[in-house]
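Heads up, the thing below is written out as structure tokens.
Labels A, B, C, D, E and F are assigned to the chains in the order they are written; within every chain, residues are numbered from 1.
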């Protein structure tokens, strides 16, 4: 269940953003992606999750091991908290949602339509979804946005349990999470403007 | 005591609790008498034959369809001006009753049209305006159903009801302008000369009274339900917040 | 049954449709009224106790 | 206010949502009609004015759908509501921008589509005239409907249902004027009524729409 | 997969976007037609099959509008694309849910609306039959159009324009079958072609739509 | 230009969320609203900004002094950065946007469509809007979400300039901003369930 990235280049909107990204992530490890705004963290995560294809380089990960959570939470405003979660559990062939609800302190909100939650409550629900996927490698894009301190602690605890159980995670974040994770500064991999004359190059 | 006191939900519940059986009883009595009288004990009309018996359903239903909308308009205004919840909820409660009345008028009219005009439906202005009224009811009910927060829904449906009323009247004149129709004129005017003869008249009056009472009874009952549902919503919200 | 002549089908179907609609409305109203009243009673009790 | 008008027009043109799309929809609906009802010229001529009016009405309605919804979703509406211009003005300006990018082009293009439907001679004049008189009302009424449904995720269809009955008087007077005009009858009354509805809608509905928006922002 | 179907149906019903609204739109459009073209029964009977088909088509189209867009905006589509079900399956299931909540009810209610347009006797049978055969194609083609336009803010109108031309064959064969059936002519060929289009659309378009979605997610 | 709030109660979705909130904000002061997720910070800010009406109590502020910035940035994806900003400047009758662009380091991005910005760049643009409103009292709902450290510093600097110029700000936030602002914990004002038999009380 390890993720190996070798010499990866990725583009956003047709413009190369990162190049030469390499790292290995073993089970039980977490990696924090750091870098100023616009440096390409979201782009990298989407590429790793398979939502866009890499320009170059390789991503090696077991099939069906990656769960992605982006800036948006993928919640349906008219469905209740429990219905939202149960849906994702069913999609991933999983079953119970109780553990996930408990881990993010969503007990008592089960019947509330997701649209009526506050910003932080929505985010907690979005994170709870990760637990029901049952997947090993989490790709998280700024997971603790809008969370209060207590909720950040809940997230850190859930993450630690996940890592202890042999999972791993790649996390783009601007705030320190204190989970003893390695960090990777993506600004070091900023793509250089293309040089020379390969085919199609003129457009990149 | 001011009339507005009844707009207090508690008071409204207490008072209507006592009224309910009486209103329902009176409605059932008038309706049964009117319809049974009309159906079994009135002669055939010399022109329309036995089909005239449909009048005991058609006319009262048509009247109540319009009156229900008028009631909703008044209730909406009261809500917008004085913000009494009972008033908004009464408007909500009346809409399905009004829609049923409209459907009855349309259905009986269509059935009546087949023998008299030889077709189920013509684009006569009266019929057309009724169809449009039906559409307004649908929109109103759909808007209530679509919005989750009850006070927001009450505000928006009230505005819709106001604007809709103006356009409903405009549509009526537009339809009149567009096509002069086949439909009966008013036959219940005060002028004795024009009136339908007494044999038809009294059972018709009885049946109209029955429809009015049934409308009142249903609206009261449904308003009570809506008040309870509103309270339930408030309670469950509070429960979830704590 | 009264003598309905050639309009028997029309008249009876008009009465049938109308009565069906009215009864349907009454039944639905009553059912919803009951269930809401019951739910409210439960909720009020929970509210008082906890 | 002018900034808002320019922004809305620019957005409409940028997103390709303005001139082009409503017109194309109008064109396509009018061309679909012969496929539906059959290609006989006589039938088509008979129903041409009505179909043109209906097509314009639907094109108008569909492009109205998200007139406030996009602003609501991205937070602009909150900001506009706290900005130093009255919300009534915002509504009126947005309806105006919609008319300029939809109603006006529709009016100008309707005569050309009349050819496809075999519209009789004088009809060209009348269809342009009535659409010019009637489309502002369509934009304004539609903006009211959009304001009512702005908070709802899938408000589009609901909006259509709320708005279409409100369109009935405009449609009746508009199509009736064209029909009478084509047959050489007097058109004064329906035309005056059409204009009256437009004026009334433009004068009063911004207030209703702004009230609805305020409720939805709450 | 079944979870997705159930969720989509539930969302449609919750939002009031399901059964009710498309039907109401269909009803309203059919009612508006006589206001446009005039109240003469003979004219109406002539155009009734075509108008019913057009009305059903538009009702279908409008409700399709945001079939993927809402999922795209709230991020669900990203998550579904990384979930362990193929995107082709997601498309097919969503089109099926749409048909169940729209096409099917439209088919069932069409005969009643025929009354309003004075549809001739045998027309009732044929309109129901052809709609039952044709609406699945409408849902599937529309889902493809929605997939193409999912990333665009005001995609609704653009989608209509992409999709309406694709609807032409279905509309022609559908309306033609009803017209022939009403006049007592042979209907075998157009009906077979209609069925053929539906089968082809359901078999192939999920792949095209999934490809379009992948591009839009990139 | 001072803001005085006395005994304010506000509701969300018809349910009272906060009651008895009182504070005064003088020119040059900033106030941080703290409180766990769902405690009513957003609700309070929207009430103060006049987007929803208070249940009870008074808000005294000079007319046209308040600028609001919520969770969403109010950007049009198809308009460029400069166009977005110029539009808001025109609405507020202001003029130049250069200072605002400079303050949030948006130079060089002027012609980029706002939809193509990264999450943090969008947020910076949303904050730059505040500068072109020319208003004295800012109501900010989690302004530094998605911002990197450098951008947070930019924001803090802009805020300090604003305060030094006689402006003031109410800021809901979960992270410390280090601007020496007073804090107000909204969880202290949580509304108690309604008691007794006032008119219509049953529904609140």
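One rule holds for everything that comes next: a residue touches a chain if its C-beta (ideal position, glycine included) is under 8 Å from a C-beta of that chain, and two chains touch if they have at least 3 such contacts.
Worth saying up front: this structure is predicted, and the values here are computed from it rather than measured.
S.K.: In terms of touching chains, how many steps apart are subunit A and subunit E, taking the shortest path?
M.R.: 1
S.K.: What chain pair shows the greatest number of contacts?
M.R.: So the pair of chains linked by the most contacts is D-E.
S.K.: Going by average Cα coordinates, which chain is farthest removed from subunit D?
M.R.: Following the centroid criterion, the farthest chain would be A.
S.K.: Of the other chains, whose C-alpha centre is the longest way from the centre of subunit F?
M.R.: Chain centre farthest from subunit F's centre: C.
S.K.: Report, in whole Å, the distance between the mean C-alpha point of subunit C and the mean C-alpha point of subunit E.
M.R.: Averaging C-alpha atoms per chain gives centres 34 Å apart.
S.K.: Please work out the Cα centroid separation of subunit E and subunit F, and write it as a whole number of Å.
M.R.: 45
S.K.: On a C-alpha centroid basis, what's the spacing between subunit A and subunit F, in Å?
M.R.: Inter-chain centre distance comes to 29 Å.
S.K.: For subunit C and subunit D, what's the span in angstrom between their mean Cα positions?
M.R.: So the centroids are 41 Å from each other.
S.K.: Which subunit B residues reach two or more other chains?
M.R.: Where subunit B meets two or more other chains at a single residue, that happens at 132, 135, 138-139, 142, 146, 178, 231, 236, 238.
S.K.: Among the residues of subunit F, pick out those that touch two or more other chains and give their numbers.
M.R.: Touching at least two other chains: 13, 71, 77-78.
S.K.: Find every residue in subunit D that makes contact with two or more other chains and list them.
M.R.: If we look for residues of subunit D contacting two or more partner chains, we find 15, 73, 152-153, 158, 161, 164-165, 168, 172, 218.
S.K.: What residues on subunit B touch subunit F, complex-wise?
M.R.: These residues of subunit B touch subunit F: 8-10, 84-85, 149-151, 230-231, 233-234, 237-238, 241-242.
S.K.: Would you pull the subunit B residues touching subunit D in the complex into a rising list?
M.R.: 132, 135-136, 138-139, 142-143, 146-147, 152, 155-156, 159-160, 162-164, 167, 170-171, 173-175, 177-178
S.K.: Which part of subunit E faces subunit D closely enough to touch in the complex?
M.R.: Residues of subunit E touching subunit D: 15-17, 21-22, 24-25, 28-29, 32-33, 35-38, 43, 46-47, 49-51, 53-54, 57-58, 62-63, 65-66, 70, 73, 152-154, 156-158, 160-161, 164-165, 167-168, 171-172, 175, 179.
S.K.: Spell out the residues on subunit B that touch subunit E in their complex, using ranges where they run on.
M.R.: Its residues touching subunit E are 110, 119-123, 131-132, 135, 138-139, 142, 145-146, 178-179.
S.K.: Considering the complex alone, what residue numbers of subunit D touch subunit F?
M.R.: Listed in rising order, the residues of subunit D that touch subunit F are 2-4, 7, 10-11, 14-15, 71, 73-76, 78-85, 217-218.
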